[in-house]
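Next come two complexes, and both contain chain A; in the first it sits with chain B, in the second with chain C.
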Partner chain A sequence: MRRAAPWVAAIAAALLVPFAGPGSFVLHVLILVLMWTTLGAAWNVLGGLAGQVSFGHAALVGVGAYTTMILYLKLGIAPWWGMLAGGAAAALVSLPIGLLCFRLRGPYFSLATLAVAEIVRLVALNFESLTNGPVGFLITALPPLHLGGWAVNWESKTPFYVAAVLLAAAALVSTDWVKGSRLGAYLVAIREDEDAAEAVGIDTVRVKVITLAHSAFLAGLGGGFYAFYFRYVDPDAVCNIGLSMEMVFIAMVGGLGTVGGPLVGATFLTAVAEVVRGQLGLGHLVFYGLSMMLVIRFMPEGIWGRVHRLLTRPRGAAADVALGG
Partner chain B sequence: MSRLEVERLSVSFGGVRAVRDLSFSVAEGEILGLIGPNGAGKTTVFNLVTGFVRPASGAIRLDGRPLVGLKPHAVARHGLARTFQIVKPFPRLSVRENVTLAAFLRHPARRDAEAHADAVLERVGLAHRVTVAAGQLTLLDQKRLEVARALATGPRILLLDEPMGGLTPAEVGLASDLVAGIRDGGVTIVLVEHVMKAIMRISDRVLVMNQGEKIAEGPPSRVVEEPAVLAAYFGKRRVA
Partner chain C sequence: MNIQTFVQSLVSGALTGSLYAMIGVGLTVVFGVMRIINLAHGEMVMLGMFGAYWGQSLWRLDPFLSLLLWAPLMFGAGMAIHRFLLRRVVPGGELNTLLYTAGLSLLVANVALLVWSGDYRTITLSYGAEPIRPLGIAIAVPLLVAFVLALVITTALWTFLMRTDLGRAIRATSQNAEAAILMGVDVERVAVVTFGLGTALAAAAGVLLAPSLYLYPTVGELLIVKCFVIVVLGGLGSVPGAIAGGVLLGVVESLGAVYVSSTYKDGIGFLLFLGVLLYRPSGIFGVGRS
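Up next is the complex of A and B:
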C-alpha cells in the first residue's frame, strides 16, 4: 500500500456512518454497494490489472457462498468464519482452473472461463448430497455473537454494514497494494505484451495464477457475504452468467485497473439499475450491455479513470497507465 | 569453452521445415554473425533457443545446462536474452518502466532496478527519452529499447535479431560500436543482421543459413567467398 493514512481515514469514516442514524433502507443500499464493490474489485484485480478477461467469476462467488452455507448448516461453523473459508476455498479452486485456462490467451482464455463457470453451476445443481441441488440452502437463524460483552443484534443492518465495509476495504486496499508492488508491474507488463514479459524473465503463467487466486479469494469472500446477508443461496442466485457480467460491468464502468473504480461502478450499478428495473421495467442485462458499450465507446478509462485523470496533473501518457488510479 | 551449444536442432511448421538438423556453438566472448536470406530460419533459431518454440528434435545447452523444455522466462533467468526482430515494447509504459521491468530479474528492489535501467539506457543512447511512452518512439529508438531491455536482464549471452534494420550508415556505425562494446563488457553475442558491413566488421565468425540449413560457417571474409553462399544469399540481394 502506497498511502496508509487516507485508507485509515476512509475506513474509519465509513465505519462511523451507522452512528449518524441512517434508516435501515439506507444501510441496506450501502451494504449492496459495498458487496458489489468487493465483487467488482475481485474481477478488476484479474481483468483490470492483468488484462485477463473472465466471464466466469460467478463460479468463484458460488464457491464462497456454498462453502459458507455448507460449513454453517452442516458443521455449525459460524458464517463470519465461513466467509473467510469461502475466500480460501475459492482461491484453492482457482489454482487448477488457472493452470488449465492460462495456457490459453486472449479470447480463448475468456471462453474457457465461461465453460468452467458452467461446470461449477452444473455441479451446484446436480451434486445434491453436498449442495441441496436446485433447492439450495436457507439460514433460518444466525448464531449468537458477543463482541466485547455486546450481543450482536442480527435484526439490525449495522453488523452487516460493518462486515461489508471491511470486505470492500480488503478488496480495494489489496488492489492498491498490488498496484504499487513488483507484482503489479509484472501484471502491467503481461497486459501490454505477454511475449515481451516472458522474454524479460517474467513467469507469466505463475503471475497470472497468483493474481487469479487473489481475485478468487475476494470473489469467494463476497460470495460468503452474500450467503451471510441474504441467508439464501441456490445455483441461480450465485452461479449464473448475469452475476459474472455484473462483475465485469462494475469494473469496466468504474474504470479498468483503477483502485477506486469498483466503488464508483458498484454505486452506479446499484443506484441506476434499481431505477431502471423499478421504473422502466427494462431487462437489467440489456441495461448493463448498453452502458458498457457507451463506456467503451466514449470513456474507455471508466468513470473513476476519467475523473482521476482530470483531477491529477498529467504526468505524461506513459506514467499514467503505470501508476494511475 | 562453449557458452552456447546447439545440436541437430529441427522444427517444422506445417509442411515448412524451418530449421533442419542445425548444429553450431558459440564460444564465450565471441560475436557470431548469423546470416541468410529472408525465410532462412534465423528468427526461428532464436525462438527455439529462447523457449518460445519447442524443437521437434535436438539439444540446446547454455554453459552445459540443457535448455530444451524450459519456458522463455526460465531461459532468461539462466542468462540468455533476446531482442525481437519485430519490436515488442510495452507500448503504453515509459521507456524507463520498460527497462525497469527487465532489470527486476536481477534487482528485486524497485530503486535498484530503476538505477540499473537508467544506466543501461544511458549506454544505448536513450537517456534523453526515459519518460516517453515506448509506443511513441521512432523505430530506431524502439530497436535501441529492445537492446536495452534485453541487456537489463543481465545476460551472459545476447541474441540480437536484426537490430540495425532501417538505420542510416552513420547509425549502423554507432550500433556496431554498441554491440562490440557489449561484447567487451563480457556478454557473448549472436547477431542476425542483413547489414553486411556491420556483420563483416564486428563478427568473429559467421554462420550462413538457407532454407533451414547451415550452408557455411567460418571467418566473415572467407565465408562470403563461398560459392554456395554467393548463390543462396548474395545472388538474391545486392549488397552495398
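Up next is the complex of A and C:
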C-alpha cells in the first residue's frame, strides 16, 4: 500500500459519522451512496482500469444478492457471511464468463456481456425451485447478532451504514492498490493498445480474467449488501439492464479509471436523483441518461478526472496559462 | 410432433422475423458507415410504435397508413440527432459513442415513461380480429400486412443502395471510409443521411409491429437486445446478413417456443448469439467485419 494513512483516516472519519447523530433519512442516503460507490467501483476496475466495457454487471450483482438470500433463507447462514459468499460466488461465476467473452474485443465484448446478463436474468426468472422465479425472496427478520456483548439493533440504520462504509472502502482501497501494482500497469497497457500489450508479453486473457474476478467479487458483495439492506430480491431488482447501466454511469460520470471517481459519481447521481425525484417529480433515470450524455460530450474524463487534472496540473503549464493569458 | 404445427410456427416465425430484419437493417447500415453501435435504436422502434398508437387513438389514422407520416418524420429526427448530438461525440472513439447512445436510450425511454406512463397498450384493428386460414395455417392479418409492407420497404431500400449514387456512396463509405473520401464522397453528408435512414427504418418497423405487440415505453430494451442478436448473426455491417439474421431469429424463437419451452425462447436466441459471436464473429455468412 502506497498511502495507507489517508485511507485509515478517511475510513475512521466515515465510521464516526453515526456519532454525530444524523437522522435516519440522512443515514439512508449515505448508505445508498456507499452501496452505489461499491457497485460503481466494481465496474470501474474492469471498465475504467482495463477498458473492458461490460453491459452485464447486473448479472454479477444478481449472483451476489441471490447467493446471500438463498444461503440465509434455505440454509440459515447469516447474511453478513452470505455477502462474502455472494462475492465469492460472483467471482466464481465470472470465470467462465470471462473465458468466453474475453475472446472478443471492444463493442463485441460489450454485446456479449449483455447477452450473458440476459441469460442470467432468464435463469433467475425461470429456475423457480432455486430462485422463486418472479416472486423473489423476502427476509422478514434478520438473525440476532452480538458484537462484544452488544446486541445489534437491526431497526437502526447504523449497522448497515458501518457495513456499507467497509464495503465501499474495500472497493476503493483495492482499486487504489491495483492501480499502483504491476497488474495495474498491465491493465493500462491493455486499455491503451491490446495488441501492443500482447506483443510485449502480457498474457492479456489471464490478466483480464483476474481483473473480472476482482470486479465480480466487489459486484457480488454489493449485491449481497443490497439483499441484506433492502431484504428483498427479485429478478427485476438485481438482474436488469438498467442496473448494469447505472453502474457504468456512476463510474463514467465520476471519472473512468480513477480511484475516487465512483464515490464522486455515486454522490452526485444519488444526491441529484433524490432532488430531481423529490422536487420535480421526474424519474431519476431521465437524469442519469442526460448527465451521461453531457459528461461524455463536455467532460469525457469525468468529474473527479477533471478536478484531479486541474489540481495536479504541472507548474509549467499553469505558468504558461498565467503568462500567455 | 405433427407437420401442421411445424409449418404453422415456421410461417409465423418468418413473418415476425421479417420485421426483426427491418430493425436489424437499420442498425447494421448505421454501423457500417459510422462504426456506431446505436444503443438507442430500440427507442426509435418504440417511438414508431407509439406514433402508430397515437395516430390511431387521436386522429383515427390507420396504423399502417401512418407509416407515411412517421417514417419521414423520424428520418428528419435521425438526421438532426446525428447533426447536433452524435457528430461531436464520434471522434471520441467507439466506446464513448456506445455509452453516449446508451445515455440517449435511457433518456428517451424514461421521458416516454414519464409522458405516456408504463401502461401496456394495444392497437386493435377492425380487420384484424379473424386470422385468415390458407391451407389450414392461421395467419394473423396485421402480421401479414406488416410482412408485405416490410418486404416492399426492404426491397425499396435495397434498390436505393444498389442503384442510386447516394446508395453507392453509402456502400463505399461502409467498405472503406478513407477511400470513399479520396473518391470525392462527402462522408459527412453520407453519415447524416445514413443515420436518418437507420432511424426511419427502426421507426417504420415500430409502426408495422405496433398492431402485433404490446407497446410500452421500455419495449426498446427488449428489442435492442434482439436486434444485436440479429446483426451479429448476419455479420455487423452487412444488409443481406441482417435480413437473413432477422428471419432466422424469428423462426428460431417461434420453433423454440413450440418445441423447447416458451419461457426460455429468448434464451435460445442469446445462446445462438453467443455461439456466433465466439466462433464466427463475422457472422454466420462470413460477410461482416469483426
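Following the convention adopted for this analysis, the second predicted complex is superposed on the first by the 311 of 325 C-alpha atoms of A that agree within 3 Å, B and C clash if a C-alpha of one lies under 4 Å from a C-alpha of the other, contacts with A are read in each partner's own complex, and residues count from 1 in each chain.
By our rule, a residue touches a chain if its C-beta (ideal position, glycine included) is under 8 Å from a C-beta of that chain, and two chains touch if they have at least 3 such contacts.
Please read all numbers here as calculations on a predicted model, not as lab measurements.
According to the stated criteria, A:Val53 is in contact with first (chain B), second (chain C), both, or neither; which is it?
Second partner only.
Check the residue A:Tyr186 against both partner chains and state whether it touches chain B (first), chain C (second), both, or neither.
first
Just chain B (first), just chain C (second), both, or neither: which does A:Gly23 touch?
neither
Quick one: is A:Arg103 in contact with chain B, with chain C, with both, or with neither? Answer first, second, both or neither.
In the superposition, A:Arg103 touches chain C alone.
Would you check which partner chain A:Met293 touches, where first means chain B only, second means chain C only, and both and neither mean what they say?
A:Met293 contacts chain C only, not chain B.
Report for A:Leu111: first if it touches chain B alone, second if chain C alone, otherwise both or neither.
A:Leu111: touches chain C, not chain B.
By residue count, is chain A touched more by chain B or by chain C?
Tallying touched residues of chain A, the top partner is C.
First (chain B), second (chain C), both or neither: which does A:Pro144 touch?
A:Pro144 sits against neither chain B nor chain C.
Where does A:Ala196 make contact in the superposed view: on chain B (first), on chain C (second), on both, or on neither?
A:Ala196: touches chain B, not chain C.
Given the complex with chain A, which residues does chain B contribute to the contact?
50, 52, 71-74, 76-77, 81-82, 84, 88-95, 97, 100-102, 104-105, 108, 110, 131-134, 136, 149-150, 152-153
In their complex, what parts of chain A are in touch with chain B?
That would be residues 182, 185-186, 188-189, 192-193, 195-205, 316-319, 321-322 of chain A.
Once bound in the complex, which stretches of chain A touch chain C?
Listed in rising order, the residues of chain A that touch chain C are 51, 53, 55, 100, 103-104, 106-108, 110-112, 114-116, 118-119, 122-123, 125-126, 241-242, 245, 248-249, 252, 282-283, 285-286, 288-293, 296-297, 300.
Sort out for me which residues of chain C touch chain A in the complex.
Touch residues, chain C against chain A: 37, 85, 88-89, 92, 94-96, 98-100, 102-111, 113-114, 221, 225, 228-229, 232, 263-264, 266-267, 270-271, 273-274, 277-278, 281, 290.
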